[in-house]
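Some structures to go through are shown next.
Two complexes follow with chain A in common, the first pairing it with chain B and the second with chain C.
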Partner chain A sequence: MTTEQAATDAPVTHDTYALGRRDRVFGLIQRHGATAVLVLLLAVGSLSFSRFPTTENLGDIAITSSFPAMVALGMTFVIITGGIDLSVGSVFALGGVLAAYAVRWGTAAGLLVPLAVCGAIGLVQGLLIARVRLAPFIVTLAGLLGARGLLLSISHEGATTYLIPHGSLLARLGQGRLFGLGQPVYLTLALFVIGAVLLQRTGFGQAVYAIGGAEDAAALMGVRVARTKIIVYVLSGTLAGLSGALNAARLSSGVTILGTGMELDVIAAVVIGGTLLTGGAGSVSGTIAGVLLLGVIQNLINQIGDLSSSYQQVVSGAFLAVVVVVQTYLSRARRL
Partner chain B sequence: MTVPPYRRPRPALLSTTIIAITAALVAGCAKSEKDQPTGGGGAQAGQVVQSPSGSAPSCTLSKFGGTKFDPKTAVVGFSQSEKEANPFRIAETQSIKAEAKQEGIAGLRVTNGQSQFSKQISDVQQLIAQGAKALVIAPLNSDGWEPVLQQATAKHIPIITVDRKINATACKDYVTFIGSDFYQQGKRAADQMIKALNGKGKVAILLGSSGNNVTTERTNGFKEEIAKQAPGIQITFEQTGDFAREKGQQVTEQMIQSHPDVGAIYAENDEMALGAVTALKGAGKKAGDVKIVSVDGTRNAVTQIVSGWIYAVVESNPRFGPLAFQTLTKFVNGEPIPDKVIISDREYDSSNAEQSVASAY
Partner chain C sequence: MLDARDIVKRFTGVLALDRVSLSLRPGEVHALVGENGAGKSTLIKVITGVYRPDDGEVRLAGRPARFTGPLDAGRAGVQAVHQEIGLVPDLSVARNLLLGREPRRAFGLLDARRMHETAARTLAAYGVRVDVRLPLRSLGVGAQQMVALARAVSVDARVVIMDEPTSSLEPREVDTLFGVIDRLRDQGIAVVYVSHRLDELYRICDGVTVLRDGRVVHQGTLADLNRIHLVSLMLGRDVAQVRAEGVTRFSGAHEASAGPPVLEAYGLSSRHLLDGVSLTVRPREVVGLGGLLGAGRTETAKAIAGVLPLDAGRVTVAGLRVRRGSATAAVRAGIALLPEDRKAEGIVPTLSVRDNIALAALPRLARGGLVSDARIDRIVDTFMKRLRIKATGPHQPVAELSGGNQQKVLLARWMATEPKVLLLDEPTRGIDVGAKAEVQALVDELAEAGLAVLLISSDLEELVEGSDRVVVLKNGAVVGELIGDELTEEGVMTTIAAEVQ
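So, the complex of A and B:
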């Protein structure tokens, strides 16, 4: 190992400028690879299928992707700190059921109850991870089961589906359109802008990156590690709950079977978007590209029509594997 | 030339594990039913409409507000709900495809929601965006179809739902529902159960997945008939097996431990019944020790009647193709359609199982 590194060290130290350039190119690919592939797929799709580039179809992709995107935004923060949140799928479903249940007390309750409960789930998880120092994987796995259990108890083992009345303000919020696009799309974009500012321009964002890069060093530098981690999990839970509530508003009902396996799709989207699972690097713009990429792949495979949709999962899986391999290679190359 | 500083090992193991799990779950879901040939063709044991079926035919194209089109040249969408990993879904999709081919409907587009409701919604929206003139939907969930129904009614696209219902208004939001009378299936299963137990004993129920009318009606039909006809039968255990074989097995294993006195199991589909058979075998029980009655009529289950593990099976015929396209053709030709088309289902028990195995799906 040491001889190998010593051997590769030689040319690297000779040409620091080349290293810097290579470093920048690799960094660029890592950050914007998903966007590039997304643009490519959109171009190929538009040329191959006349029914693909219609405003209706693209609008469908946008609204369908906006719900996992909100969840993925929270997940991006969590993963950059080096953590993981497996509870989001269940919390998403719980948020929807709570919204449909609480809307009887008014629109505000229909939004605030899911936000409060899901935020509280995030808070408990964050406390266990940051203060008790339990592994995020296990804590949020427990959260996945607990949130699903809570959902089942509210909905009588899933037998009762609560409805959000037609024409109610909450339903209009989820179903309304603005310039041909569903309203949740605009909200998602706004949340991503806020997320980007939070991550890139604030001390909190710096702390998130620092913790993911080297937690001990960050603590020595005076970063409030525990507090930052707790906020990140509260953020993830709240966003999952908000997404679930808006999705329920769109469907006019608190569907109980949603969200199973969603956490994996969301993690996949975040990773494809260039965020390192090991933490310390990533961006919210990459995440939005990752979510859209998965949505476009699904749409394109449906366009082919007769192709068995099992292939869709094969393609998504293969794509994820390729992205992770490339990322691992790039980050290793940068660190040499 | 410096010795590289010691680098703390990064938590690569965690990420590798997550990738492995993700990849396995994302990509590895294409299991298929290999232990049987599936007869899903339209001709073989197709569905027969029960008479009298539902209400009087009243829904016409003009009442619905649509315009006439030729199904042979139009885009027709079929949205399947679950992976084709169990005989019911395999036979259902095959029947639709085979019938479309036979009728010369070239523009059939098939999507599969992979048991994810969000995906099924976006699948159907995409079928609409692709210009589908008519939709046949096997809904995963009965509620939550608002966005689809809004888009479809705006374009006057007729929707026929098969096997499960959509909670909406017939002839306005959708045209009609084709399926079995699930309440009746539950009732018939109860009658078989009463016969199996001679009117007294303890029964466990393996419930289907929640949130759809199939589970609710199969449960209500069974319970109400038992309460009415056989007060000596007690239902002492009920838990969901999600219509899946593994879950049915798992729940039965727990039940054998917690309720060893249960003498019969009502499984709300064959897959869970087959899981229960595996669990009973594993617990050292013999064929017939615990009477099993289930609903569906898959070939595997009917075979288990012959070998004595299952007492009786009430059929739920998945071959929707012929009836779905007949109904659609009638509808676009302006003929009135009833708000629901109920099909008649057969029953399998030890008296006819052996002869009927070949025609089961």
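So, the complex of A and C:
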């Protein structure tokens, strides 16, 4: 009993409600708006500041953006399922401290310990959210506090700073350069390619979208909702840990005060990249544009020498507000 | 094929299904009918494993079937297609259709091209020709329903349960659906068809099961059952029994004033829900809205109250036109709607009786943005007495009151706004007999006091006894109006059962 036999010559009565041009334009803005603004900003920046379009400066933007980008990649998955992960800032810092602490047992330990611990934090959060059905906001807020506490106890309230010896393999992983770009940039790009394939071309990715779009319907269609959610939080925790470890390697030490408020920057980048906070829609390419956009804004404000860098927050905030307003307007207009 | 035997289901003591049996042959299209609360959806949920029956068993192809949920039932070949479409609006059409069984390539990657081809081919068979890469929500409701149906049937279905599949379809889409159902029949798939549209039932169904109050009141071949008999079975009113029985508490003391109508609704249309409904109500008059479930009664009331978006039509109160689609404007004009679902749309359970009553009147009571407690107390006191609300006092949380008293609190809330028009949607549903009589008496009193009342009730007796005039709706349009001697239960049933061309 396949469908093809079901009604081969049933009368054809539906043409479609074709998507109007307006609808398509709105869809384009939602998906590629961040990229367009990014290109615009790059052009304006290049014309306005001679020091902006140099290889060195652009490379600088790339390397500083690559760490939040890794975290944002995991966050994109979480937000598309309709969840949120507030713990990533703390987990990022914890990953760095753990890497610096564990590197005494070798480079492999320096990478695997933070990945395992941060992944485990994600796993516990995912279990609480998917199986116990607690609100992601609360669970990951607890995770934020918990991870920060763990980090402080390892570093004796921040009194001990663990160092990553210069010239060690781990340090070279964070500091090394290839064709003028920092090593982590390439790793980030590779992760994003894998992330895009995972999201667009696998059953897991379909499940992520379906859960965010309509969780009950997804469950009825046989999507393994709980399992998918757990994986998503493990992914987010692991990526935050990896990003933190590499950042520590770049700085040669596990700095305990890093990552405070990072979760908000990352969420902002994801949302600016066109992922809906309500879930069900978004893309990793949008996220990379969102991260770069925030990076470029910061860089440009630094170029205007006499402007305090605090203004970066004001501009980012204002930009985020505009994006959310536009998104809301667009999705409302499309649903009518 | 599917055999449900002596199913019993209780909810906290209330018997929702009382030894209900339903048996389907392969290739049979079986109508499952009954009014609200008759037990249709409970039965469907028992069959698909959402509920576990307290007694009795479901058998599929001769073997006992204990499904753990709709998903499990679906895997075994029992698929339910619901009114609210169980798909993901933001995913593409193809992904919705194939979610969970997408064509794969190496490394478990999805084969997007093959997915789109399969989806397009499958849907073409259902008369849906769309770009399957578009998000599902860009399709019309009818096409979305076809996608849901195609998805359900393509998973090796043996039994397909369709819950009001045509409620949001246009006529030509209904034709397509029936074409699909015919195909299913030819393949030996059994179909349970839940609908209130008599014309459709007689067009497509072979067998029929009529449920009422959780019991099977009739089972047999649909062709052997004439329309008026079917309607009387559904509504539970025996044609002969009607005359013998006593009347309701309605006194009929009020008499409609001869003057111009205070409420005039003209040509109310809303997509597939309402089709040019016009009616008038004069002061001191109670006009009943008759019809089966889904005929457009609630929608008409909501349209008049400005809650339902309209494509066309106008509403005037005392000659003044009310701005279309604005609930605020309707309230200002003096229209009060007592909604059908008082839990979801009316009562604020955590607030006290007093606050619930004062809620709608607050803007009117306020002076310069401040509200005088004394004035509220006075009004609350007046209405608690006048409507005989039984509560320990004005500060008792409304959730602690009985259903009948909650209904009176809602009524008081709207009375406090001094409305000219009162729309009552099933005012006595779910409240006990004593309270029912009281509410009915109140409706009478209010009309006598000069209000224009529009009464919706599935209780045929209540409708006929309580109304001065009954307007009968069917498929979103007015099909008849009964007044004076014509206004009998039999008359209403005949009007509902009448065939439309």
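Simple rule for what comes next: the second predicted complex is superposed on the first by the 317 of 336 C-alpha atoms of A that agree within 3 Å, B and C clash if a C-alpha of one lies under 4 Å from a C-alpha of the other, contacts with A are read in each partner's own complex, and residues count from 1 in each chain.
Everything below uses one rule, namely that contacts are C-beta pairs under 8 Å (C-beta built on N, C-alpha and C of every residue); 3 or more make two chains touch, one makes a residue touch a chain.
Treat the numbers as computed from the prediction; the structure is a model and nothing was measured.
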Chain B versus chain C as contact partner of A:281, first or second or both or neither: second
Contacts of A:197 with chain B and chain C, given as first, second, both or neither: second
Touching partner for A:330 - first (chain B), second (chain C), both, neither: neither
Chain B versus chain C as contact partner of A:220, first or second or both or neither: second
Touched partner set for A:144, first chain B, second chain C, both or neither: neither
Which superposed partner A:261 touches (first chain B, second chain C, both, neither): first
Chain A residues touched by each partner, larger count belonging to chain B or chain C: B
A:297 touches, of chain B and chain C: first, second, both or neither? neither
Touched partner set for A:206, first chain B, second chain C, both or neither: second
Where chain A meets both chain C and chain B, residue numbers: 2, 5-6, 10, 13, 214
Chain B residues touching chain A - in the complex, by the definition given at the top: 1, 3-4, 8, 10-12, 14-15, 18-19, 21-23, 25-30, 83, 109-112, 114-119, 121-123, 125-131, 140-147, 150, 209-211, 215-216, 240
Parts of chain A lying in touch with chain C, wherever the complex brings them together: 1-8, 10-19, 23, 197, 201-203, 206, 209-210, 212-214, 216-223, 280-281, 334-335
Touching residues (chain side chain C, partner chain A) in the complex: 70-71, 74-75, 85-91, 95, 99-100, 102, 108-110, 112, 121-122, 124-131, 134, 137-140, 142-143, 146, 150-151, 153-154, 156-157, 172-173, 175-176, 179-180, 183-184, 187, 189
Chain A residues within the chain B interface of the complex: 2, 5-6, 9-10, 13, 51, 54, 56-57, 60, 63-64, 67, 82, 84, 137, 155, 157-159, 161, 163, 171, 175, 214, 247, 250-253, 255-258, 260-262, 264-265, 267-268, 271, 277-278, 298-299, 302-303, 305-306, 308-310, 312-314, 316-318, 320-321, 324
